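For clarity, chains are labelled A, B, C, D and E in written order, and residue numbers in each chain start from 1.
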Amino acid sequence: MDIATVIGTIAGLALIMLAIVLGGSPAAYIDPVSMVIVIGGSCAATLTAFPLKSVLGLPKIVMKTIFVPGASPTGLITELVGYAEVARRDGILSLENHTEEMSDDFIVQGIRMAVDGTDPELIKQIMETELDNIMERHRQGKGVLDAMGRYCPAFGMIGTLVGLVAMLANMDDPSAIGAGMAAALLTTLYGAVLSNVVFLPLADKLALYDAKETLLKSIILEGVMSIQSGDNPRVVEQKLKTYLPPGERSAESDGEEAEAA
Amino acid sequence: MDIATVIGTIAGLALIMLAIVLGGSPAAYIDPVSMVIVIGGSCAATLTAFPLKSVLGLPKIVMKTIFVPGASPTGLITELVGYAEVARRDGILSLENHTEEMSDDFIVQGIRMAVDGTDPELIKQIMETELDNIMERHRQGKGVLDAMGRYCPAFGMIGTLVGLVAMLANMDDPSAIGAGMAAALLTTLYGAVLSNVVFLPLADKLALYDAKETLLKSIILEGVMSIQSGDNPRVVEQKLKTYLPPGERSAESDGEEAEAA
Amino acid sequence: MDIATVIGTIAGLALIMLAIVLGGSPAAYIDPVSMVIVIGGSCAATLTAFPLKSVLGLPKIVMKTIFVPGASPTGLITELVGYAEVARRDGILSLENHTEEMSDDFIVQGIRMAVDGTDPELIKQIMETELDNIMERHRQGKGVLDAMGRYCPAFGMIGTLVGLVAMLANMDDPSAIGAGMAAALLTTLYGAVLSNVVFLPLADKLALYDAKETLLKSIILEGVMSIQSGDNPRVVEQKLKTYLPPGERSAESDGEEAEAA
Amino acid sequence: MDIATVIGTIAGLALIMLAIVLGGSPAAYIDPVSMVIVIGGSCAATLTAFPLKSVLGLPKIVMKTIFVPGASPTGLITELVGYAEVARRDGILSLENHTEEMSDDFIVQGIRMAVDGTDPELIKQIMETELDNIMERHRQGKGVLDAMGRYCPAFGMIGTLVGLVAMLANMDDPSAIGAGMAAALLTTLYGAVLSNVVFLPLADKLALYDAKETLLKSIILEGVMSIQSGDNPRVVEQKLKTYLPPGERSAESDGEEAEAA
Amino acid sequence: MDIATVIGTIAGLALIMLAIVLGGSPAAYIDPVSMVIVIGGSCAATLTAFPLKSVLGLPKIVMKTIFVPGASPTGLITELVGYAEVARRDGILSLENHTEEMSDDFIVQGIRMAVDGTDPELIKQIMETELDNIMERHRQGKGVLDAMGRYCPAFGMIGTLVGLVAMLANMDDPSAIGAGMAAALLTTLYGAVLSNVVFLPLADKLALYDAKETLLKSIILEGVMSIQSGDNPRVVEQKLKTYLPPGERSAESDGEEAEAA
């Protein structure tokens, strides 16, 4: 679990609530209609901009920035080197029996093709297409968060304009001007908070985890190709370890540290 | 039909109308002249910026984000593999008789050249130029939507400035100031709504469908080249399936799912 | 002539004038000093940013977005194929006598070098340098329009700040506040109109025509190289037609349509 | 030490304090709650956007822009040429005894691998991965400063909106309006100062030092590869000096000047 | 001398002064403290962002946009062809005696290495590193101007916020509000003028001259390599003239025109 994402979001919202409470009139900051306009409007614009499936996947995307996939590059390399040893000892066909214990579907796919005797060039091409598809899904997931981060302030401004026009059209009662303008500004406040506390930072965090996942898949791709070509397990390990920073290269069980990185 | 585009746009507009009605004076938000300035001005600027043909194509471009071309990559691959089988069985010349049943003009063009015995290198060059032209048309279509999304807020601001100067020049009657300012703000509101509810999200959606269409044309290009060179239908299928994500590779009739993606 | 550029610019200005007239006090919108600050200031900044020659070329650049060069790619290809036939029939030296009828100086340059027996590699290098120079000139022409589109709103804001300070420093007469503020806002209005109705859209249109001109010069470069190497006129035609979208490839006299595109 | 970073930051803050003191009411500018909202909120958003480790490294990153690593490219080249001479004279294995005097861990790593007889191709690949990792760390360090520079004004605006709503909701006492609005504007002021005096300039300075460090590591990589292949020390020197600007090429002890550059 | 830079900057400032004088209260626009905040603050931020040396070089950078280096590409080519003739006639060693008459240190460096019999590959590598260093210096010089153009408006806004808080905190005397707000707006005005009249346009002009200087150095690099390899002076000329636009290729003494371009 990425505690930083949770702490960051909660602390950001808590600080703003603190400021509101210290301001003395917290009730003035709650307006369900304003909330609906900003969140609903941003979701509507994002729905227009992206496929339904991507927008419905938003909660899952957000979860991905909190509950990080546990795999570490070093653990993954150890696993792949293990399969290389099995393939060396018992023949590549014997890997068929190890598919249930594989930590990633991408390994299973690759090993299956290798076991089936698929042409190496084709294995590579198929796995690279899959990698491209994963990166495209990442790009679209980040795109949805970015869009929310962009449309929230826009709908905040739209809500404020709606409120200002309503207020200006009814200026007969001067005492209502202050309250009307306060209400109008609320949507801008909501939009700014949602954008800067939630969506834009989450989009940045997601990009980091996406880069990490892409690295893992690249290691798998290289590992499967190396196993398929019958490389010595030592060679497989050497090849894969070039993906690691030197500090993690000799370590045995530093999965946790890598995860927190 | 892309139901997300329709729902998103309507929901966005409905939410803003709701906010206006709840504000209590919906009549204050309707001003035909303001509407004409924002929409007319944006269209005029877009007309200056793009060729007449591109701007007149705007409704067709918008339609493309709602009524999506039905072809799915898997269906297309099945079709191309079918032609490869015909070419294998009856010779490539026999494909001449199948042109009416081809789902895409781009297939017809390519197959015609192959049947005519055009040099493969030239077929490839011509089809790639055509692909470039399609991508250029996409880029220009998206460019028109982007321009509308950029000029709408600009003309909204221009309208507001015009209104503010009129109001400030006639401040003798203080009771008219509120109404004048409300009217001045309307164009900014119109510009922000059109830009954020309609044009910018549609431009994003269009980009996604353009990418999908480009993928389909790339599959056709690869397929025609493979058929032309007399590849075995199995090989044609394997080559083309590398364009698909693994999940869709073995499926037979998942056209619908691919379409919704 | 690109009627879209003319209609777009005039319609944009007309709509704003309409809004001003409907506002009831058109006289309040005319202020020569404000006009001088915005236009003069933007020109001064552009003069600082670009060479004198580029800025003096501004009217010529604007004209280029209205009076489009008449050459169409298909017409040009027909012309080049004609020279290839002459070269085939009477020898390449005979092209010397056709230089006055050539539609573009770039053809003349290229053919002259070919006739002089210049090394093909050198011809190509020189023509590519010239193409780079043309693209650099295009980039600078668009740069001047972009700069005007960027500096107009900036000087509009500077003018408004000057006006606001003047108004705020003389607040003894409250009745003059409205008029002072209206006058101050005028420069912002002028800047926004010039930028969004004139300069930014023209810069976009110019980019399109520049791309078209670059395409024409690329066709000439390819054609001259093909003629120089003694290619069969049929081959020259085939090579050059790959630059065209398929729809225009078989056409004989669609110059007009291509021009309007 | 980079005196420019220190002078720049202090002078920027001092000038703003001077302006505040000259304004006559310095007490009005101090508000701990506003300070907490801007700094706390920006840190929270940055924490959501980046890994915990990167954010905790912020003070270390800032220090890096003040206390610059002392190594100069010329000094480094002299050192590497020295090792090349030792390797030439006493054999590459003798370099094992010089590891404690090496100025950079990256040299030690590279030389160790060379001494261990690791395959040159693999040494290069591992050192390049490490270089990529260093550049990724740089990118993330600069990313944290950039994020702070972006979120500070955003939370400044959020704080001002919170303050404005509080003020507008309590307009019964007109005499409090001025003070309320002054307090509301404070967060915007804090955000603008932190962003423009501290975070954005520091991010720029950091990028310069990161580029310098990357140059040093590239020289080490080239030097180790050259030593490993048994190059003559003269050749090693010539190869490495191509990384230097000519002015520094013949100099012996201009480390200080290079550092100040 | 680039008269456009001088005219542009002076005309821009003169127009704004004209507007101020016509506004009737020029004294209200002069405030030394505001001037110090905007200029001092921008310099401080730029000092934090760049090395001391780069910031101290600011006046020299500005001078470079006014007093343009006189060398023209055609003159330079004539000079290099001359050295090629000398090398052809008297041997390359004789060029040693011509170093004092060479117009550019970069020629001297290159010729010296050629005379010393340095390996051509190494000459090229060293001269390319030097070219990279020159371009890096250019990039940093432009970076300083860009930073000033970015920080001036930011410190203008900071100054205005400081002024507004001071004004709002002392609203007891309503008659002072106008003057206080006018004073507050002054820093924004100063920042906008400095940025849009001086720094941003100068950064653009500098980029043009930097591109011209890079072209000259590239011609020298190509020329030295050609002389070193013993090319016939005719061949040297042909090679170098491909860097020129055709219009300047046959000209003998159009240095002046090229300079004004």
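Here is the rule we use: a residue touches a chain if its C-beta (ideal position, glycine included) is under 8 Å from a C-beta of that chain, and two chains touch if they have at least 3 such contacts.
Computed from a predicted structure; not experimentally measured.
> Counting hops between chains that touch, how far apart are chain A and chain D?
1
> Which chains make contact with chain C and with chain D at once?
Chains touching both chain C and chain D: E.
> Express in whole angstrom the distance between the two chain centres, defined as the mean CA positions of chain B and chain D.
43
> On a C-alpha centroid basis, what's the spacing between chain D and chain E, in Å?
From the centre of chain D to the centre of chain E is 27 Å.
> Can you list the residues of chain D that touch 2 or more other chains?
none
> Enumerate the ring members one after another: first chain C, then chain E, then the rest in ring order.
Order around the closed ring, chain C first, chain E second: C, E, D, A, B.
> Sort out for me which residues of chain E touch chain C in the complex.
Residues of chain E touching chain C: 2-5, 7-9, 11-12, 15-16, 18-20, 22-25, 28-29, 175, 177-179, 181-182, 185-186, 188-189, 192-193, 195-198, 200-202, 204-205, 208, 238, 241-246, 249, 260-261.
> Per the contact definition, I'd like the list of chain C residues that touch chain E in the complex.
These residues of chain C touch chain E: 33, 36-37, 40-41, 43-53, 55, 109, 122, 125-126, 129-130, 133, 143, 147, 151, 154-155, 157-159, 161-166, 168-171.
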